[in-house]
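Each of the two complexes below includes chain A, the first together with chain B, the second together with chain C.
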Partner chain A sequence: MPRTFQVDAAELESRYKQLQAAWHPDRFTVADDSKRLQALQKTSLVNDAYVTLKSPLKRAAHLLALQGVDAEEHNQAHFGADFLYRQMILREQLEALGEQEDMAGLDAMKAEVSSETNAALEEFEALYGQGQFSEAKQRYNRLQFLFKLLDEIDAVEENLLDY
Partner chain B sequence: MAYSDKVLDHYENPRNVGRLDEDDENVGTGMVGAPACGDVMRLQIKVNKDGVIEDAKFKTYGCGSAIASSSLLTEWVKGRTIEDAARIRNTEIAEELGLPPVKIHCSVLAEDAIKAAISDVKKKRGEAVDAE
Partner chain C sequence: MALLSISEPGKSKPPAHAVRKRAVGIDLGTTNSLVAVANEGHAHTLCDHAGHCLVPSVVHFAKDGAVIVGDAARNHGANDAANTISSVKRLMGRGIEDIDYDLPYEIVPDPQGGMPLVRTAAGDKSPVEISAQILRELVSRAESELGGSIDGAVITVPAYFDEAQRQATKDAARLAGINVLRLLGEPTAAAVAYGLDRKKEETVIIYDLGGGTFDVSLMRLEQGVFKVLATGGDAALGGDDIDRLVGQWILEQAGIGESLSYSLRNALAAVARDAKHTLTAAGSAEITFEHWTGTLTRREFDGIVDAVIDKTIKACRRVLRDARMTVDEIADVVMVGGSTRTPRVRERVAEFFGSPVHTEIDPDKVVAIGAALQADVLAGNKYGDEILLLDVIPLSLGIETMGGLMEKIIPRNTTIPVARAQQFTTYKDGQTAMSLHVMQGERELVADCRSLARFELKGIPPMVAGAAVIEVMFQVDADGLMEVQAKELSTGISSSVVIKPSYGLAEKDIERMITDSFASAASDKAARALQESRVEAQRIIEALESALAADGRQLLDESEYAALTDGMEKLARLIDSDDADAIHAAAEALNEASLVFAGRRMDSQIKTALTGHKIQEYD
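What follows is the complex of A and B.
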């Protein structure tokens, strides 16, 4: 598959199934030990690769690692004070919407955060493509906060629906 | 993973949760985050003319250890000078709370937050800010 941030989901699925089938341990039950071991290792590698490529965050971290950038190393100044302020405000907003059981408000917030997330994904892709890896890493770090927030919005919504 | 009693105590009864007026020139705000867990922490101090921290408030969205680290820190800094508060190390917080190695970064976040709050109030007052 091409080494790009955008991944063709259908191609990923079909390549994954192909490779999984090719190295499935069931096919090597009568093979010798070293072949069996190789099949197991390949299967585990294929699974890791699939999980990495499927998640935009993991994909971004992997692309940064390919450029020798440690995606998890960071200092506070790098995130941008305005960005952190906004993250704080959004989390306060989420807390209030949850307490008010405001489903419409939660849906609206989710749409807003999703669009910010998509914008950050596009920026990551563009910056990475231009070789601006430090800037791309900042977007990756921001995306980590945004994806966490999206998970939290989902959790609050699920909680309300169960109730 | 089990939390220590001290972490649980701060998590269940966090001290000094809230906010101070960011626009007050005697208030320093430290806003920090941990991308790997998506935690966000706001720690604020109100400093009098003698450089003593009169009040401290925090709000943390994160795990129990991050909440406990910031809660404990607000207790510790009250009544101290900002120079003294700037010397608090994350290892002291981690030790007091009995944080396991995987949660040490939560205490680092709290240390980053108090440093950021101190720099902020110094900047507002036109004082020199120590380079990190």
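What follows is the complex of A and C.
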């Protein structure tokens, strides 16, 4: 796969399946121990790579790591007070929507956070492409907040829909 | 340690052979088991002389040591219930504390702390031994039909089976002398039985409603790879519940109270089951129970069954949600399990998914047939168009961290095989051992998850807290069995184990663990915050204590020293309270107050480090 932030989903699926078909332990049931151990390790790695490339967040962290940037290292000041304040407000808003069982409000919030997330993803891609890794890392750290928030919105939604 | 058996990683399987193979598929069920064999892509189940293909999963132990399996054993049930062991699958990989329901036979704790033992006239038997008896019976049936010994078998397990249950199943096979080619998920096997065309691309649902369990899996077929995308269900829901509800209806109609003797309860269940079977084809069923006679119409029966179906539909919605898919994307629904014979079940499932349901293959045999087809391929009999089957782990795997929290390392629905590593650091100065507690479940608190194993990593070089980094690697193979390796990164000290868990939660707890994790996300979070603040506070206190003991008296005056010890005592008192915010605030305050001390220590250490060096070294 090319080392870019944009990933061709169809190509990823196809490559993944080719590698699985070639290395899955089921293909080595009659092989010797070392070959089987190798198959186990290879497919584990392939599964991990697939999960990493499929998730925009994990993909971003991996691309930063390839540039020697430790994506997880950060402090509060790094985010800026405005961003943190807004995150706090959004979480309070989410909690209120859950309590009021406001599905329409939840949908609106999800749309808003999704578009903010998409914007941050585009910024990350652009900054990374320009080699501005420290700026890109800052976007990544913001994306961590946003993806977590999206998960939390989903959880509240599932709760209301009684999944 | 009784829970663990240590072996070299990746060497746990016996070597396989290389000529033309005889392999079978085995469906080791709770109520009935089957064995099937395939040749050139066609499979059939093996039956006895009387034409019975289902082998009741019942084993009878006589005083003289004679063991009978299947129909003959079941016939003993009425007159020798205590030595007639049924439903042993429910004991596999479980602890005695999980068995909170009545059994017609006696179970006793295992002195080694493993699965409960079944007390029989022939001595105490483990669930693994009893399952091995059933497997031997199936294999001997296959060998007499095929006229020779078999080389290997694919054994199916419910998709929701956790690591302990899978391990117990594999142990039973090993005990029966079977070379296990693969433990295959039951829904995956059912999908294979329908002989999916490898050129097709589609998403299917496998709906498996058995006697006591419900299992639903969402699978995607593409490029010859058949992948489980999500799996779920209810480990305590099935045809038995339908019988129970019909029984209740009979009691209401007959005006009989609910407290019945054991034999009367069994009689009621049998009458209810007969009525259910009659209603599969007929529009109404005549029922006689005690002195009452009445009629149950299909319409009334459908109303009763709907309560059970509603729960299964809910689990289907959950699985679609987990895979982020909608019913429109489902091309086919495969029906598995005897309870899918009920017309109302087929009707409601077809209606929910808006697609035809497949019932062409006998729902009792479909799993064994799929397993046989896959066994034939895995044994090395290649036909060039094999479908590759990718299963997932049904419950998240993780490890206990400080303060009783579960840190998820591999989330549920992750495709196997998979390996994931996680790093942990030491918590105290000079810490030389670290114990690892491996868990499976969805909740944040360890107490709510299932314990798989504990082991200890010794010989960590003594360093200051946080300096030693331990990497823990989880490896889950294609059978869903786990191996854990731990390694201290600076010195490479490694400890590797194959986890062999021997006790745990009841099956219904698995389902509860998943649904609860959702319902209690908020309370878990609060509990987690509290635990984290306690851990943080404890760490600050210990760090400060050791620093004060080292050079507190030299670097601080009397009042500074007293201020810090006061702060420490205050925090220590708060740790046991339930107020996370107060603990956090006090910990912050103490941390703040110790900054001056920390600064002086650093200066002093730099001075010490410089002392003894010649000046010119720094020129």
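Note that the second predicted complex is superposed on the first by the 162 of 163 C-alpha atoms of A that agree within 3 Å, B and C clash if a C-alpha of one lies under 4 Å from a C-alpha of the other, contacts with A are read in each partner's own complex, and residues count from 1 in each chain.
By definition in this document, a residue touches a chain if its C-beta (ideal position, glycine included) is under 8 Å from a C-beta of that chain, and two chains touch if they have at least 3 such contacts.
Predicted model only: the values in this text are computed from it and were never measured.
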Following the superposition defined at the top, how do chain B and chain C come out on chain A, clash or fit? clash
Name the chain, either chain B or chain C, that contacts more residues of chain A. C
Once chain A of both complexes is superposed, is A:32 in touch with chain B (first), chain C (second), both, or neither? second
Touching A:13, do we find chain B (first), chain C (second), both, or neither? second
So, A:72: does it touch chain B (first), chain C (second), both, or neither? first
One more residue to check, A:85. First (chain B), second (chain C), both or neither? first
Chain B versus chain C as contact partner of A:144, first or second or both or neither: first
Of the listed stretches 132-140, 150-158, 402-410 or 600-608, mark the one in chain C with C-alpha atoms clashing against chain B. 402-410
What part of chain B is in contact with chain A in the complex they form? 31-33, 35-38, 40, 42, 59, 61, 112, 116
Could you please specify the touching residues of chain A with respect to chain B in the complex? 72, 74, 76, 79, 81, 84-85, 87-88, 91-92, 141-142, 144-145, 147-149, 152
Interfacial residue positions of chain C with respect to chain A in the complex: 9-11, 13, 15-18, 152, 181-182, 222-225, 314, 317-318, 321, 377-380, 388-390, 414-420, 475, 477-478, 518-519, 521
Give the list of chain A residues in touch with chain C in this complex. 13-14, 17-18, 20-21, 24-27, 29-33, 36-37, 40-41, 43-45, 47-48, 50-51, 155, 158-159, 162-163
